[in-house]
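The following blocks contain the structures, represented as structure tokens.
Presented sequentially are two complexes of subunit A, the first with subunit B as partner and the second with subunit C.
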Partner chain A sequence: MRKLLFIQSHAPHGTLFGQEGLDAILAGSAFADCAVLFLGDGVYQLLKGQATQSLASRNYSVSYQALFDYGVDAIFCSAADLLTRGLTLEDLIVAPTPLNPKELEAILHDYDVILDF
Partner chain B sequence: MKFTIVIQGGPYTTQASLSAWHFARAVLSSGHEIYRIFFYHDGVYNANTLLSPPQDEFDLHHAWRSLATEHGLELIICVASALRRGLLDPTEADRYEKSQSNVEAPFVISGLGQLIDGALTADRTLTFGP
Partner chain C sequence: MLLHLLNKSPEHAALQRCAGFIRHGDCLVLLEDGVYCATSNAGAALRELIKRGIPLYAVSADVEARGLSARLGPDIKLINYEELVALSIQYTKSKRWG
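So, the complex of A and B:
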């Protein structure tokens, strides 16, 4: 069976990429071995304490906690992208595995299909 | 080689869907096969039958339809993306009690399973996004 890698590269709420990307990940998990990689501003997707009521935007970030329940246990992020944004794993809802550039390269090669959001 | 093409950009907003159309044509004219075309995110706007660009501008909606009709392809648009952006075929318009619809064949409203199936089945999956 082929392995799918979903990349989240947008900050939440400014666009719908995060929310619709997450929907795709959850759909993918029903059919295939799936992993998620948070790159660039995509690391903000996992930020704790998103208070979206006043934005009238849905706080779908809580659904990231369900990834494990959906069998998606390979969750990665770029260590550098986390660092440059002043974030640590403690700031995030789910702790992804931080990767250095060499490890990122290996992940991108390891998965058969990459779907980018 | 079999391709799945994912389009996430709206027409006349970013170049994403135009580039995807050019790529789809190139795939077919090179003797390759398209397994699936899947419109997601703002890409679903390509399905709007009411798109009415000026006559001296490229009609991308019509171009997608011609390509699909000529090669017997379905143009799948994601139901969740479509509904929240007001893209409805007559069935969905009935279901949501709307007086109009704006999606018709060869554009077909379907689910995310089509994206996953496309990604799992094709030799290559390309995403065109803004």
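So, the complex of A and C:
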């Protein structure tokens, strides 16, 4: 089975990348072996406590909890990008595996296809 | 008296770029992804503006949507859309950065 790596690299709500990316991961999980990597501002996708009532936008962040139910258990993030934003794993809706630059480089090469959001 | 509007996160370095153009008497409003610049971790450019006494605002709807309510520095005043409109009237000119 081909291995797909979805990369979330935008903060939520400012653009549609996050929502589109999550939808694509959940759909893709029906057909392929999927993993997701949170890079740069993408780590903000997972921040707890998002409340979008005042914006005309859906709080899709809660749906990240469904990743495990869809069989997506390979969830990674850049350790450095968490640190520079003052975030810890406890601040996040699901806890990704933090990777160092060497490990990030390795997974970019390991997967058959990379899908950027 | 210029109203500066910033809608990009620190990743885009927009704050560093605009900070040099903010004079005494101006104010800065952070909105959309710009509110990430208001987190206490945001760095030197924001601290410098605070030190200079520049009024700093963040749009509360954008702060809440991103889960940042508990992460803002104490020198950032939260505003709603009505207050944003009032500021845009009070300051005769505005400049959007991002």
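Annotations for the structure displayed:
The criterion applied here is as follows: the second predicted complex is superposed on the first by the 117 of 117 C-alpha atoms of A that agree within 3 Å, B and C clash if a C-alpha of one lies under 4 Å from a C-alpha of the other, contacts with A are read in each partner's own complex, and residues count from 1 in each chain.
One rule holds in what follows: a contact is a pair of C-beta atoms (placed from the backbone, for glycine too) under 8 Å apart; a residue touches a chain by one contact, two chains touch by 3 or more.
All values derive from a computational prediction rather than experimental measurement.
In the three-chain model built by superposing on subunit A, subunit B and subunit C fit together without any clash. Of the two partner chains, subunit B is the only one touched by A:F31; subunit C is not. In the superposition on chain A, A:R2 contacts subunit B only, with no contact to subunit C. Within the superposed three-chain model, A:L55 lies in touch with subunit C and out of touch with subunit B [touch as defined at top].
Angle at the C-alpha centre of subunit A formed with the centres of subunit B and subunit C, after superposition on chain A: 90°, rounded to the nearest 10.
Of the two partner chains placed by superposition, only subunit C is touched by A:G86; subunit B is not.
Contacts of A:V113 after superposition: subunit B is touched, whereas subunit C is not reached. By the touch criterion defined above, A:E20 lies against subunit B but remains apart from subunit C after alignment on the C-alpha atoms of chain A. With chain A used as the common frame, subunit B approaches subunit C to a shortest CA-CA distance of 14 Å. When the two complexes are laid over each other on chain A, subunit A has no residue in contact with both subunit B and subunit C. By the touch rule above, subunit B contacts subunit A in their complex via residues 6, 8, 40-42, 78, 80-81, 111-113, 115-117, 119-120, 125, 127, 129.
Contact residues on subunit A toward subunit B in their complex (touch as defined above): 1-2, 4, 16-17, 20, 23-24, 27-28, 30-32, 113-117. Taken together, the subunit A residues at the contact with subunit C in this complex read 11-14, 40-41, 44, 47-55, 57, 59, 61, 84-86. Subunit C makes touch with subunit A in their complex at residues 7, 9, 11, 32-33, 36, 39-41, 60-62, 64-71.
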